[in-house]
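In the two assemblies presented below, subunit A is common to both, partnered first by subunit B and then by subunit C.
Moving on to the complex of A and B:
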């Protein structure tokens, strides 16, 4: 061993150490912003920090978290899904009508819609279409279908779904358990299995993966099907909470889901995503946008703008830290 | 000493038995899902004027307004849940959806909170609803149209925000009206979202493909846009039903002054928000006889009285009527059979 090589090794390990620290910081950032928002809420309204308070504040974050995971799969494949919000709305309408009245038909429709997602993935990959255009078009399709299924608000969630969403486990509120479960399951699947690596790789470096003999069409189909699956779960969870549906119910989720992925440490370049971060990001957004805002007592004329300002501040903090990383 | 006095007062109240609960310490929140058009602005103004005075007069302790950033149901459901956590005694709500908020509304009721919905009502039975008969309004549009266009003819319908209960009810009323007046035929239908610009674009797009139109039936907030679209296309001006907006009534007056143009105007008065506030206050006051569904009339203007109302409407605003506590008591009384 020569002196020069020892020198390089030492430098490498120092660089690696710095990189690891930066990674750790990036990994902790979503949790940090969540903690900050929680502290602010505790300070403004101590009553909210309780079993009852968390159940109320966080239960609507569950469908957002699921939609965020759906979006995360698409972003992992270096694509963007602009239709996830209206898709959640469509699923909601099916859940509140078919799934209750004719469960078999309902299940078939929902499976079929996941199939449509898979086809979209294949179409985008095979014809090399920009996903933004395809999914923007699909967002109108889902919206139209939702209005067809449920021309006016109504319907009712199936009883089994209502009882799942109304679970009151001892000590830890249901939304927190659900968030942990979602985060851990997806984390294991996408970050700890070898096919998960392939899936992320297909977004991060498709050329290399293609040369290594992996089918990019297949990976894209899997990613989009997973997005469809979590979109379906999101719609069902949402209806389980609201008890009844509305064709416009999920429209806001498209942008919330994208913001949740980014806030949770994901990036638009493909392959760089974090499931646990995405769940935490979704929770942070849900808390920052609604409870925090309500508790701050901002004059009504400013509330809408304040909501946007909070989102920008939370997202900007994330960008500042990831810039320092470079 | 002070405590003794309070206790004494309490004893006196208990002794008298019939005295209503004091609402001066009660907090009422207003959950609103949208503020982006003239109607909603007028609604918030009316509510603000009435509640500010009520707080000053110590009728209630606080009356805060909360508007969500988007029109979405989940956002408003979360907002209602936060208001529960804030410890409000009553929630007045203009809901994004009649059914999809029921989960949150039920949680509020279970927490002992009085919920009063209006305009965008909620169907959860524990809540109160201040309803306007939108279906009848739609039907009246055709009845009025029959007066102005006795020969009948082709109609263009402008719908409101798709998938909402209000749009559905007005549309159902219009269909019922057309069924009763077979001389009219709806040959085209566009979505105007209760917004002049949207309506103008939508009407302009469909106009070239339509036969001659004698009348436009709509939902308010879209009449002026429709008029602009007809003028721009160089088509003859049909009878356009108006929706009490200032720009609509102003256009109507201009046309009337020019050649005696006739039409009719109707919409829900934005000030109905103040009625919902008083209903909440009355329920907090301990009244048990208020029906959960209160029907209030919509505000309509005819050829004879619209000009008197026009100067009172703010530029870009909507004709409204603010309820005083006495007005509200009378409106409640009218609903107790």
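Moving on to the complex of A and C:
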């Protein structure tokens, strides 16, 4: 009897050791894919690995990382936001017009739009609506509002925003510092604080959370508000870089943000997300998006496909690791 | 006979109510609680109470209303009518958080841990006061301390992600978490099938802890299908049937037979055993011949048409692996396994391997028989419904509508639906991977009958079970150890000692 139980204990601990290794490997996968892309760039053009090179290549990494974090909050609650791209575009248009011309109105509009996100979260939870449908509808609303605010490309970013995005800190390029900060702050908030546990738990086992006396409406409102907040930050950062806006400027961000979350080790259901992974995923996508492929003399027509191929390879690697886990 | 006894018990119930303390000393008291789910009456006017320092055993078939009643005590469900009182005061707005404040906790049958969080983080979810600086350390110490107290030598780290833990360890975490105390008081813990995923060693640890807890003046409600567990550990036993309490009495006044009679199952368990003894011919066509992959000697499993073959031995010693190998061999030839007829599998872990959670009961039954349900390229809803109706009657699935979601069924009825899926198919060989785990005795007996009947009609059953009693239904038993067949017993040689001897013996 005791022999049998010792036997099973040993087997269990060996099994769990294997599980922990697979988990570690899966956790390292985003960093590995980023390293691979960097190595490819260094091999194709060694001079790109420099302060100036990184500043240039990671130019758009900050807004992409912020949009990815926004999407990550939604995915953490087992939902999906198909409107984040047009929302970023809408915020961009408001930033380039109202926020510069009448800052108070601009701030109110942006706060109001975060409020709309909070309401969407409540609506989705209370009426048990599929978030894909609701946010797909909202994506057209944001797009329409963006066109109303800025019918044709133009506007100008506020000067303070331009100067923030043009920061040139010594030694380490600004986009890298910003990405690190975003990743660490969100990691602390979501992975370390006691309420972050509740937010992630709402994706892991909502019924259990409700039974323990937590309000699922509140967790969903908080998650969607955070998505709205980071969407606003993303739109502002984007305009700070591009200096002027266009109603369609953020359209590509929806899928980029989803891809970033998944690339960073997140899963669509079950509350399994990783803020640092998401930021790394966003960096990988930003890096792979243009410079790498231009270095490789891949025509722009094929760049999107190449980007997709990277995504498929990384996800396939993850599936292989997970299968070994079983 | 049984009706008369039922009446007598109801009379005694009234006497017992007066006898067991006044209302103001009860931790929780329900009077006339009723609950309906659509057309199904889950509870029909139940009076129930728990006093301080007692362990109340609650038994009844699946679907008898035990879980519904416990959801009310825990505040996760509100009765349609009737009152709930806690610590003597009537609660009008009773809820989970109110129950938590009043010191009532529940370990639910379906695990209520978040698989994506660590053990410590899951502890935090039940304790609103675990917050601020250093909460992670506090939560880890809290749960680790309680695990050490209840399950010494548990081998669980507070930083393990729950999804990585085995089902037994998850159950241990769930139980330990219910007993942790921070701010709120703790007076009553409801344990709903707490030992179903635990091995006998850890189950013993838990029950011993529960007795210590009760000896300290606190209370427990113990729900279990293992009647011996309830008889040995409860102070008072409440028997439910069809949404009503039928008997309440001191545990010492019960024995196994009286409990089973009160639950209303067990019409002649012996009858089955006798029927099983019907003569089998060795000339029936061969259905399965399989050798476990780790088998060194020539021993192999042979099953013929009309036979019920038992796979015995300790849990996890290769029985499931062999069943899966046979299942795989039905579609693609495999070395060492010979299968001559279509195969269906009844999974043991119905939640993860058996049920399609989004589908209706009918769809869950029809999935194994899609080829027959087809009308041109599409599935005929009419034929699907017919199949489902037939099996609803035949196997007795308790539901007003087979188009309801499968989760509207109680656990035992879900398992019946999975049996209907296998038996309604064209499969001549049915593999059963310990499917009766956590199923009540009434359902079990119905399924045993069905298995015998189908075997008489020529079907072959390969039945892995961890319950020795179930082997009574088998014609032939193979005992497994370390992935190998170590004993091959005929019906007449079958005794519990023999199986235990082979399972623990030094088989090379």
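Simple rule for what comes next: the second predicted complex is superposed on the first by the 293 of 326 C-alpha atoms of A that agree within 3 Å, B and C clash if a C-alpha of one lies under 4 Å from a C-alpha of the other, contacts with A are read in each partner's own complex, and residues count from 1 in each chain.
Everything below uses one rule, namely that a contact is a pair of C-beta atoms (placed from the backbone, for glycine too) under 8 Å apart; a residue touches a chain by one contact, two chains touch by 3 or more.
This one's a predicted model, so the numbers in the text were calculated from it and none came from an experiment.
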Practice task
For A:243, decide between first (touching subunit B), second (touching subunit C), both and neither.
Solution key: first
Problem - Dominant contact partner of subunit A by residue count, subunit C or subunit B - result: B
Exercise for the section: Would you check which partner chain A:212 touches, where first means subunit B only, second means subunit C only, and both and neither mean what they say? Expected result: second
Exercise for the section: State whether A:20 touches subunit B only (first), subunit C only (second), both chains, or neither. Expected result: second
Exercise for the section: Using the touch definition from the top, say if A:194 reaches subunit B (first), subunit C (second), both or neither. Expected result: second
Handout entry: Which of subunit B and subunit C A:116 touches, first, second, both or neither
Key = neither
Handout entry: Shared subunit A contacts, counted only where both subunit B and subunit C touch the same residue
Key = none
Handout entry: subunit B-touching residues of subunit A, taken from the complex the two chains share
Key = 45, 47-48, 52-53, 56-57, 59-60, 63-64, 146-147, 150-155, 238, 241-253, 286, 289-291, 294-295, 297, 300, 303-304, 307-308
Exercise for the section: Would you tell me which residues of subunit A are touching subunit C in their complex? Expected result: 1, 4-5, 8-9, 12-13, 15-16, 19-20, 23, 192, 194-195, 197-198, 200-201, 203-205, 207-214, 270-272
Exercise for the section: Write out the stretch or stretches of subunit B touching subunit A in their complex. Expected result: 32, 35, 44, 64-75, 77-79, 81-87, 96-104, 106-107, 123, 162-165, 168
Handout entry: subunit C to subunit A touching residues, read off their complex
Key = 74, 76, 95-97, 100, 108, 112-117, 121-122, 124-126, 128, 130-132, 135-136, 155, 160-161, 164-166, 169, 199, 201, 314, 316, 504
